[in-house]
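Paired with chain B in one complex and with chain C in the other, chain A is shared by the two complexes that follow.
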Partner chain A sequence: MQLVIWRSKIHSPEVEKIIELSGQNVYSCYQCGMCTASCPSTGNMDIPPNMIVRLIQIGMIGKVLDSRSIWVCTSCFTCFAECPKGIDIASLTEALRLYHLRRNIDHLNLSSIPHGELLELPVIAMVGALRKFTA
Partner chain B sequence: MVYAYYPGCTLKTHAKGFELSAMASLEKLGVKYRELEKWTCCGTVYSLASDDAMRQVAQVRILTRAESAGYRRMLTLCSMCYNTLKRANMLVRSDPERLETINMFMDDEPDYKGSVEVKHLLEVLRDEVTFDKIRSMVSKPLRGLRISAYYGCLLLRPKTVSIDSSINPHVMEDLLSSLGAEPIDSPEKAKCCGAYLTVNRKDLVAGFAYEILSAARRRGAELVVTSCPLCFFNLDRRQEEVSRMYEDYKPIPILYVTQLLALALGIRDVYMFNLHYVDPTSLLKSKGLL
Partner chain C sequence: MGYGVFICHCGQNIAGTIDIEKLVRKVSGIRGVTHVEDYIFMCSDPGQERIKKAIKEKNLEGIVVAACSPSLHEETFRKAAESVGLNPYLVEIANIREWSAWPHQAEPEEATMKAFKIIESTVEKLNGDKPLEPLRLEVVRRVMVIGGGIAGIQAALDVAEAGIEVILVERSPSIGGRMAQLSETFPTLDCPQCILTPKMTSVAHHPLVKLLAYSEVEEVSGSAGNFKVKVRRKPTYVDWNKCVGCGLCMEACPVELPSEFEMGLAHRKAIYIQFPQAVPNKAVIDSENCIRMKYGRGCGLCAQKCPANAITFEDNGKAEEYDVGAIIVATGLEVMDKANFAEYGAGELKDVLTGLEFERMLAPSGPTGGKVVRPSDGRVPKEVVFIQCVGSRDPENWNPYCSKICCMYTAKQALLYKHAVPGGQAYIFYIDIRADGKGYEEFIHRAMAEEGVIYLRGRVGRVYQEGDKLRVEGVDTISGLKIVIDADMVVLATAAVPSSGVEELAKKLRIQLGEGGWLKEAHLKLRPLETLTSGVFIAGAAQYPKDITDTVSQASGAAAKAVAFLSKGYVVREPLIAVVNEDICSGCGNCEEACSYQAIKVVDGKANVDESLCEGCGSCTAACPSGAVQLKNYDKRQIIKMVESIVG
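This part shows the complex of A and B:
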């Protein structure tokens, strides 16, 4: 696979915004892979956690913003507990989700879920999902 | 000192058996608490964005209501309530500027000064009541009951708010031992249950439930206990989907850890087992506990 890295994109406004929102220093990552090895959702992701960090480091933020991974991360903080550099990747994926949500683009549409299913869900699940997946 | 008891939404509905069994047990153990007046939603999930003061208002409002009512300690049962309240409390205690912003926004409430400690029930049982005292008060030991404790995420992570080890906790096993039960260790005990993905990705949540529950079953567990209403729903209710996905799957009952505590303390009629998808009554009867 050919990857073209643009010097001008490494510190693009989008990258800066994600770093500011998450409060994480992605440049301290040296790609040990503990996040991906410990993440319970890696199998459901198109881009694993360590690659998310790498792609942000080299300014390829578009790939990360379009990935399915940011919507299957449940902020369980296992990656953060394992990271030897103390990077909280859950805060990174939160910032990536917010990039969409703050543009009023919802990820969750409750009307697509059968009414009977909604009725049996506990409040805690509904509030959690709405806060994480809607603007 | 009296605790301000903060229930949170699900303790009053789906997890009523959790609340009733916890409250009856605390009364028996001599822990004083009063339900906080005018409590509101905790926000469920702590905002991880550095600029999101708006999403910390709910937690600080709850804390300031407890503070102005004279409480110094707040008791939570739900892992998500515990995590959001504890993290917001830590944030505003360490960031006076953020606290001032939130206080100014809540002009209908007294300013929060940061004097309230947020505690989870398991911490209170371990550190204040002590498991030795609980052991001495057990009237119906859970003898011969093999139980796998499931912690999930938010009691343990991030490390700054953990009630025990972030990766390999044992507080629930210690409690279960003091009740006379046989705790069964499982490598999946601190793994995520899928949380709110149960709304839009129940297929993924059923997959997590299968891995967590079959790991417990393989090690000989007869039931699984938890202390989070969302973990409970995902492990209990999603067994319907698990049974459809895996033909040879055998359902396993899920209980709140306080339901077992109340059983061992000889308390009656606080269980609400009718709210459980997998009925635990035949297992508990076979052990002479019901």
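This part shows the complex of A and C:
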């Protein structure tokens, strides 16, 4: 895969917004990979946490926003606790989710869920799903 | 009376292969041997005590220690013997470890026999040994420092501060070296002009320092403590006693040439002062390019303008000879030419610069006054790509070593570029970042996290012109993506290499070059400031690429070594040198030709050895047709006896 980069692409308004929402300096990351190594959910992610930071560093925000990883993240903060550069990656994924939600894209249509299943689904799953997967 | 033989087990190193009991038995039978003893570690304190005790109690006339190589413990045993009154030159080492136990582990019986033969022949040598006294030679309390960069300047200042005279030799018209070319220095961002210029001035004006600028070492003879160095003062064609450094000559000169100091980014004239803060601040004429010098007539505009009447056009070069006791080599480094790298435009792309060229561009006193502009069209570059490890860590094509300084200076340059061009973007392609100094890692962090320099982990495969941009095709191996950047400028951190001419200089000084042409130290870990030639020391990047911090530390270290070396007032030399039997010598002069040290000369029909110069190599003894020249305690008769005992 080939990526053409230039200044305004690296510092696109999307990237700037994610940095603002998260309050994190992604550029201080030197890619040691401690976040990925310590994250209990890495096995379920399509993009590991260190790569999320890397892709933001080089302006590939689209790929990150489309990833499963940002929704798999449970915000347990292990990554933040372990990060030698003090980057709160959980807040970064939180910002990415928030940004995603603000784009008003519906991923979950409540009315399409069969009534029987709705009755069986735990309330917490419903709240979580509404929080994360709907606009 | 008689000789003692002391057989060391060296733990299991010797005893594991050699049958010590049998060896002791056999050695006891050698004629003249009155005492034989074995011990697990002869070199240990109890081992040495046994030797001393035996020498005293048995009144031994000489001893053989059968152990490891003499390079390890000959001195140890000689000192032990000397402490109880035995002449140290009556102590011989029989190397039964490296010569027998180690190579013959699979054949212990033969190894034991061989060890015996080695000991037997060494006893034969001992038979012919005479007690000798080490030579004490007075030293010249003067140090020569070769190279006037920051290493040479620091070393010269430290030696002079210790009250010892210094001759500082610099081949360019001015001292200052590479550091004078830098814009700012990492990690403190000090301006080199601010911190270097005062040092340049103080070394030049120090009462104990004689500065020989625009001079080169031509010939070195003598040895530690007593070197004779012939220095060629290159012709300046300007009377430096009169020149005031006003620079009017340079304004008048019509000939423009690429400036070496400005890395070709600006011009200098055929008469020039190397740079504005030059020390000495004097002009020289580049005689190959000066119209007047080339044709012997015409032009002369500089001389017309010179208010001091300093320009003579006369060859005022000369050779001078200096006696010095110690020499510090501080010849520094260069960077590889970008023309070597076809993948990055082979020097044809105007907006591809080397780190040192970019350094000049960033310098406030540089060719652009500190403005970053493209050499091709003068535009301010908005996207600049820096490429590290160009020619370094590349054993297949260029240099296997890490150039050590590039990670830091590249980060500094990227940061300074961001300061010079707000809104500009800097990218750095790197393989690893090596920031192993005080404040260095923090500096890299600053470049990344605070100054927004984008670090891309990988190398660049190609740089080529695409319209008015330079297309950079690289990779980021962290994301696994090929990265393409249309850059306005590319800066190559080309590998550091030793200064040109260091090979010839090393030959003159009889010091060794190691891998890559860097000066070889006596021991990388424990004697990094010394060479294997006694009295010659190393300072700075001539040994291996170094930043300023390390260079200055090493220079002070080398100065301390040189001062310590001279402060005793004398050097002790091994007395194992050539000696002439004048009754036999016919004065043929073969020895004189054979000697590489000019230590033996025919005077009044007889060969004569200069004890201060003879290294005891033995070339003269081989060349002598009559056997009149012999090495002390390595007499031909001794050697023959040794051989006889082995084959007999």
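Convention: the second predicted complex is superposed on the first by the 103 of 135 C-alpha atoms of A that agree within 3 Å, B and C clash if a C-alpha of one lies under 4 Å from a C-alpha of the other, contacts with A are read in each partner's own complex, and residues count from 1 in each chain.
Heads up, the rule we're going with is that contacts are C-beta pairs under 8 Å (C-beta built on N, C-alpha and C of every residue); 3 or more make two chains touch, one makes a residue touch a chain.
It should be emphasised that the depicted structure is a prediction, and the values quoted were computed from it without experimental measurement.
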(Q) By residue count, which of the two partners contacts chain A more extensively, chain B or chain C? (A) B
Q: Considering only the touch criterion stated at the top, classify A:P84 as touching first (chain B), second (chain C), both, or neither.
A: neither
Q. Where does A:P40 make contact in the superposed view: on chain B (first), on chain C (second), on both, or on neither?
A. first
Q: For A:G62, select first, second, both or neither according to whether it touches chain B, chain C, the two together, or no partner.
A: neither
Q: Kindly classify A:A95 by the partners it touches after superposition: chain B alone (first), chain C alone (second), both, or neither?
A: first
Q: Answer with first, second, both or neither: which of chain B and chain C does A:V4 touch in the superposed model?
A: second
Q: Going by the contact rule at the top, pick out the chain A residues touching chain C in the complex.
A: 1-7, 10-11, 25, 27-28, 30-31, 50-51, 54-55, 57-58, 60, 85
Q) Which positions of chain C touch chain A when the two form their complex? A) 382-383, 423-425, 427, 433, 445, 448-449, 452, 454-457, 476, 478-486
(Q) Give the list of chain B residues in touch with chain A in this complex. (A) 8-10, 13-15, 41, 43-45, 47-51, 55, 78, 80, 153, 156-159, 166-167, 190-192, 194-202, 204, 208, 229-230, 233, 237
(Q) Looking at the complex, which residues from chain A come into contact with chain B? (A) 20-23, 40-41, 44, 72, 74-78, 80-82, 88, 90-91, 94-95, 98, 108, 113, 117, 120-129, 131-133
